[in-house]
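In the two complexes below, subunit A is the common chain; its partner is subunit B in one and subunit C in the other.
Up next is the complex of A and B:
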């Protein structure tokens, strides 16, 4: 645990806010993209680091959000007006509902745990990918093209956010907002119960907590955030395809979070940003060897540094209410 | 009538292929409590060994044997370097083996290129039976699956080595107290399970296009089979492969392969949810 974790956290966000001063449009677009992956990583870090639920199918919710956004703004869902706001709303609500229901179905009673949950969520993502490939209304294998950009404003004054700069600020506000929200949640009583379940579910049950409902609620929050990341992704690329629902992305996000550190939100966020930007730089020079290096780095991180490479430096001090217990910080 | 025989044979072929992949998986998962996501890549390595060795005009039986040994050695190295450090961290085994899987797959791409290769079947004449003709190599694969499963069960349940392995799994401390070298048993079991995956890949290679993605397609159905069947005993693999493979083939024959996969995966999730111990498992938590 570093004594400078708070300063580092503030410094990181300040640097992000100031980055338009130094970066041109192209790199701002790139940074927005990295932050979208960062938001996605936050959603997984919350459920995995705090809740102890190893979700191998997080891309399911990312893809659901992306498709919800794409279908709404392209006016392909009858009865729902094609606006940015309804699109974002649906992209958050739909994955949240799916995740919540899936969570309840899997956790209630003699629920699934550990590796079983991982394999089931992985299968769910594979099923969703297959469905999307074979559902021609939502574009089938080719996906959906020409997703309109974000549209802000009211009534007669409306404008579309084509430029990288305003879009960058939208993503930045989303990232910072979600980070603060999850941090608040993590440090609330809810987060404490969640960690209690993670560390010993039987004990939490005996203390009178409905662990299944807590886990399902956390899963729903995580799904909603992954969905929002997916929606922003769809807008930025103006394109969605079944691949973002499936296996490949689901495991990629696991790698980012594991390398960064699952128990510390900012570490997971930076893990995504760092791995992706290193990939952008190195995939040219290393070529085919990049994935080999990444795979081995991931193994090393899991085996030797299960807390992640960045988490030890960014672990924030415990909230005051929890410090009195005298327990050591996890 | 011919249609029924054909569907029946296809179903049997798929079930036995799945069983071939599962038997190594269930040994590593069920007996060692390691979720080995690199199993698909062990399968892949077996297949590439065949492609490589067929250039030297070796007899096919020798090639199969070498494939088993090569992949078993790979498994041994991976056990020694990675797996033994994380036996007590169940969830981390999924992650670490996923990383290994990624690295192995990429290694194959670096060495052999991303394109698909061809392995030649040692014999391929169609056989006429029950009023239909069927590929003789497919029949050979089915026979091998039965043989390998039987041999595995024989080793596990009828030999001293198998008894020792099951003893370590049942009670590690007690086995160690009785003078069993548990590290050696761990190593052997993991290598044996890996070798079986390699053998499965080698046997299947002539029937598939050998490319770096070939292992992934088997991974999800194989894992679902193991979970549906239950991990408490290797017998679960028989049940799981039968249920998943059988229902998949029948639904695919009635509707389409895509519908079959989506339906069977979804039903498998429900089954796993309702019986977390699998259909052969005891009711315990």
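Up next is the complex of A and C:
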């Protein structure tokens, strides 16, 4: 089933690294955009696939990251210097804190499960969207324009990353770094306990675990990553609007991850890249019917291949320390 | 049976009301370190409720549970588990989607006291020990199988192994041999005797299967209507006319 999963995984990343050799500036920009959606999908796959938490408002953290980046780099937050680094820092920390606190509030005590958790997170995203629409300082319904590009360097030697190629590499490093970080978490004891909680929370509680804290920690990690994706999105488009906080994007990312496969990080990443690329091609010819096609694809994936279309091919073997059976000698 | 200064486990005058129904009515028992006792009694006599109270799932209406001299009544299930009381559920409760090795990793993470996630940032449990632990619990040959695919008896063994791996001092086993073949039942008997003899773990077992109770050869507590009807060894209990009539008679 997963015979070539390792080779396929390495091949995919190698192809991404080599892609500037084959693609022009326009297409590199497009690929950067797809990878940003891929990072966003990774954030949801981690909390949904590993933690079993179907977050229906992941766009909240994406949007928080985007607005944090926009407001910081446009020097609209008093007391915080308008640099790329502070912007990225805030875009990661703010959603992480919001997700962590929201997680603790929702999971402590009797806790929220399944659909209830989905509904509450969806409501939080919709509320945030409404707030952004009505808050004129952050641009209200029109959002914020003219977000500056990434700026790197020190003191007098500074440069802005206008060109598609350097920006592409920034996004690629972020995507690969986040992928490896989440993979490491997933394959550590933390990941195993998290899957255990997903599988049988009562048993985990009766083994002494503070399951609410585990889930909240995973939620915070997920929020941070969604926030970083949002920040990169804001920089690339130089524009944010309340729509990226709300329902539409939250549903879209859910579909990418479900189609790719929520339990395998790379499957979710490719799910986002693939669905978005197909959308770029087909939405011109199909127009409104594209959404119908996407909906059908989603239904097919959920009903016929509940693990996702790509997960079965990309599921990596367990870490060596956990591959124990009687046939092998210790 | 060793007798320390403070009694190991004391259940004192526990009463548990659910609305108008009294599930436990002045229930009491004592257990020493490394002692195995079997609790029998008809359905609805309060056996599982007693386990729910000891393990922190239920807060009793009145009464006290003392463990190593400390009152543990009212603590959360997590805290009670960390004190060394581990519970096996009536319906096998393991991590079904995960492999046996992953199941053991979770128990080892608990044994290493990573109850909250942040302590894991300073390093997790020692993964090189999983192999020996699996070999010790005779689960090595199933190491890479998802728990859901295990035979019923092995799943029950896995759940007990999880509890033992957390270094529990007291195991609460709720019908550990329900639905098992005779060979599987024997394996559980050996497992209980082994953890008692090798690790000095005390065990309270709820069981219906009188064959199992006889093989285990431990003292019995007969419960009836939420209280202790009688205590004694298997021979004495099986000759008690009241119990034969009320309980054993239904089985034979």
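To be clear about the criterion, the second predicted complex is superposed on the first by the 324 of 330 C-alpha atoms of A that agree within 3 Å, B and C clash if a C-alpha of one lies under 4 Å from a C-alpha of the other, contacts with A are read in each partner's own complex, and residues count from 1 in each chain.
Basically, a contact is a pair of C-beta atoms (placed from the backbone, for glycine too) under 8 Å apart; a residue touches a chain by one contact, two chains touch by 3 or more.
This is a predicted model, so every value here is computed, not measured.
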item	value
First, second, both or neither for A:134, with subunit B first and subunit C second	first
Partner chain(s) touched by A:289 [first = subunit B, second = subunit C, both, neither]	first
Which of subunit B and subunit C A:122 touches, first, second, both or neither	first
Touched partner set for A:213, first subunit B, second subunit C, both or neither	second
First, second, both or neither for A:279, with subunit B first and subunit C second	neither
Partner chain(s) touched by A:299 [first = subunit B, second = subunit C, both, neither]	first
A:54 touches, of subunit B and subunit C: first, second, both or neither?	first
Subunit C-facing residues of subunit A, complex	188-190, 192-193, 195-196, 198-200, 202-210, 213-214, 217-218, 318-319, 321-327, 330
Subunit B-touching residues of subunit A, taken from the complex the two chains share	54, 56, 105-106, 110, 112, 114-116, 118-120, 122-124, 126-127, 130-131, 133-134, 247, 251, 254-255, 258, 288-289, 291-292, 294-299, 302-303, 306
Complex interface listing, subunit C residues touching subunit A	55, 77-78, 81-82, 86-87, 89, 93-99, 101-103, 105-110, 114-118, 120, 124-125, 127-128, 130-132, 134-135, 140-145, 162, 166
In the complex with subunit A, residue positions of subunit B that touch it	35, 82, 85-86, 89-96, 98-107, 109-110, 216, 220, 223-224, 227, 258, 261-262, 265-266, 268-269, 272-273, 276, 285
